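Input: structures, listed below.
Both complexes shown next keep subunit A, but they swap its partner, so subunit B is in the first and subunit C is in the second.
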Partner chain A sequence: MNISVQYFAVFREQAGRDTEDLTTSAATAGELFAEISTRHGFADSVERCKVAINDELASWTTSLSDGDVVLFFPPVAGG
Partner chain B sequence: MSFEITEDAIDPVARKAELDHDSAGACATFEGWVRDHNEGEAVSALEYEAHAAIASAEGERIIGEALERFDVLEARGVHRVGYLEIGDCAVWVGVSAAHRGAAFDACRYIIDELKQRVPIWKKEHYADGPSGWINAVTGKETPDSGAPR
Partner chain C sequence: MSDDLSRYHRQTLLPGIGESGQRRLDESCAVILGCGALGSLAADLLARAGVGHLKIVDRDFVELTNLQRQLLFDERDVADAIPKAEAARRRLSRINSSIRVTAIVDDLNHTNIERHAEGADVLIDGLDNFETRYLANDFAVSRGVPYVYGGAVGTVGASYAVLPHTAGGDMPWESAAHGNLASPCLRCLFEEAPPPGSMPTCDTAGVLSPVITTIASFEVAEAIKILTRNYENVSRSMLNIDLWNNTISQLKVSRAYEDGNCPCCKQRRFDYLEGELGSGATTLCGRDAVQLTHRQDAPNLDLGAIAAQLRSHGDVVSSRHMLRAAITDNGKPYSLSVFPDGRAIVHGTAEASVARSIYAKFVGN
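Let's turn to the complex of A and B:
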């Protein structure tokens, strides 16, 4: 299935890009994150990161669908 | 709209006027400022980045929770993004209530939840060199953030 991924803050810098189109067999957002973390060397654990799918916050167990836009957020640090 | 992400300077006096209410006997506000140090490092500036749409929606949700949980009349919040200098106001939260207890509690709740949940990131620029993304959990730089130290 084809997924479009967007990276923010430190993830964008580690991935060296802000978006990426890819083909994956990952069934959930968490599986896709694991796949991408390995490839780009993301150091943050999944528990402290967040994911949004099609501009809505989602959970790591959310199933992916063809054409989804998946946003990976490193640990937040507002304030 | 009770919560917003802005690129403009925050004016606390103007913001506070939004809390006016004839039944209010208390007003609690919080301002988060850019300070010149973190974890022993001299900081020269901060750069904030947000996913504006999701940050605004999550901020609205937090304000809504505060209005439900505490006996308050009005609650507002704003977070600035972009390049901020020492002393600049990065975040402002304000609450009005009939009594001070609820005002303090709601204000504290909102800022604590904002820091935990809203997709905003902070990059520190150091007086003596490069920069690093800050990790809210540890207060320190995210490992491998690419900032040579």
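Let's turn to the complex of A and C:
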């Protein structure tokens, strides 16, 4: 299926891009993160970040559908 | 505040506020937790808006490197070497002499948050570390006080307003005309605090000042809605922005409460408020040093990555067993030793608040 992935904060820095359109066989958000994490060398694990699908917070076990927009984001510290 | 509301005319014109809303602001107390960049701008806006009592809690002093983004302070505050909370109080009293401002110079922790946040109608997050954010979140949920989270570092920022689910379910936002408007808490969204040393800080990664003003403005907008009891207008989304790379997202988060099993607002476990999680500080007698330890298990720190972040501040020596960095903070030299389990020793001070501040700025927690 075709997924559009958005990267925020440290994920953007490590991926070197804001967005990426890709074809994947990952069934869930967690599987997609694992697939991408290996390719981009993400330092963060799923315990330390969150995923949103189509602008709604999702869990790592949420199923993906063709055309989904998936955002990976960490908490923002500092202030 | 006097009965004369004329100075707030442009605000009372707003249908959501009006004269009744303005009087509610006057009768309100906002507690600003941390008076760095986010906190100082939030304090400025809330003072101008006419919030009747502002309590400002901060442990730090004004430094020259703050002035790039901390809009309440100026070079005289740096020269006078006064605490940020007190500098803010002085400045705010000149901006709006009709409100009350209380400056609290202290290191906010589980032993004193009850006292410092007493009487709060809303908690405003101006903090620089997640450990204290989770403490504030615990206090908010356990006492039924709304909490507005804000964070900013580098070119990114985030904000989110918590209308807490309470044990009694009897807060005004839980029985509003529009239904139960309670929202997930910070631990519903991020169950565990990021491990020490895993997050960039403004002192190690820098910060773009417009990110601060944007996030603080969102925080204050939510606070004004809350204090004027316009709960139905409080955002149900978490804001994430990157002003350098031009991305803005507003993420719907309402389902995080129903779908999750939050230790805080569902299980009613207040680990940070009860001192079960967080850090401890011990003054090392006769060594002019403070040791900081963490109560929770965490993966080993990447000392190499932290060393790379600290090299712009001074000499750094690191191995896989320990990192030692020479740093200067507020014009004073310190030696910071960090160990893989997150433990640290700050040499050059016997004060826990100074050591915690240095750890939050240069390691991150």
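In this text, the second predicted complex is superposed on the first by the 75 of 79 C-alpha atoms of A that agree within 3 Å, B and C clash if a C-alpha of one lies under 4 Å from a C-alpha of the other, contacts with A are read in each partner's own complex, and residues count from 1 in each chain.
Please note the rule applied: a contact is a pair of C-beta atoms (placed from the backbone, for glycine too) under 8 Å apart; a residue touches a chain by one contact, two chains touch by 3 or more.
This structure is a prediction, so every number in the text was calculated from the model and none was measured.
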item: Which superposed partner A:Asp18 touches (first subunit B, second subunit C, both, neither); value: second
item: First, second, both or neither for A:Gly78, with subunit B first and subunit C second; value: both
item: Contacts of A:His40 with subunit B and subunit C, given as first, second, both or neither; value: neither
item: Contacts of A:Ala9 with subunit B and subunit C, given as first, second, both or neither; value: both
item: First, second, both or neither for A:Ala52, with subunit B first and subunit C second; value: both
item: Overlap of the subunit B and subunit C footprints on subunit A, listed as residue numbers; value: 8-10, 43-44, 48, 50, 52, 55-57, 71, 73-79
item: Contacting residues of subunit C [partner subunit A, same complex]; value: 34, 36-39, 125-130, 150-154, 156-158, 189-190, 192, 194-195, 198-202, 205, 207, 212, 238, 240, 242, 245, 247, 249-253, 255-256, 259, 302, 305, 364
item: Interfacial residue positions of subunit A with respect to subunit B in the complex; value: 8-10, 13-14, 41, 43-44, 48, 50, 52, 55-57, 71, 73-79
item: Residues on subunit A engaged by subunit C in the complex (per definition of touch); value: 6, 8-10, 12, 18, 43-44, 47-48, 50, 52, 55-57, 59, 71, 73-79
item: Complex contact set, residues of subunit B against subunit A; value: 32, 48-51, 53-55, 58, 79, 90-91, 111, 114-123, 133-137, 142-146
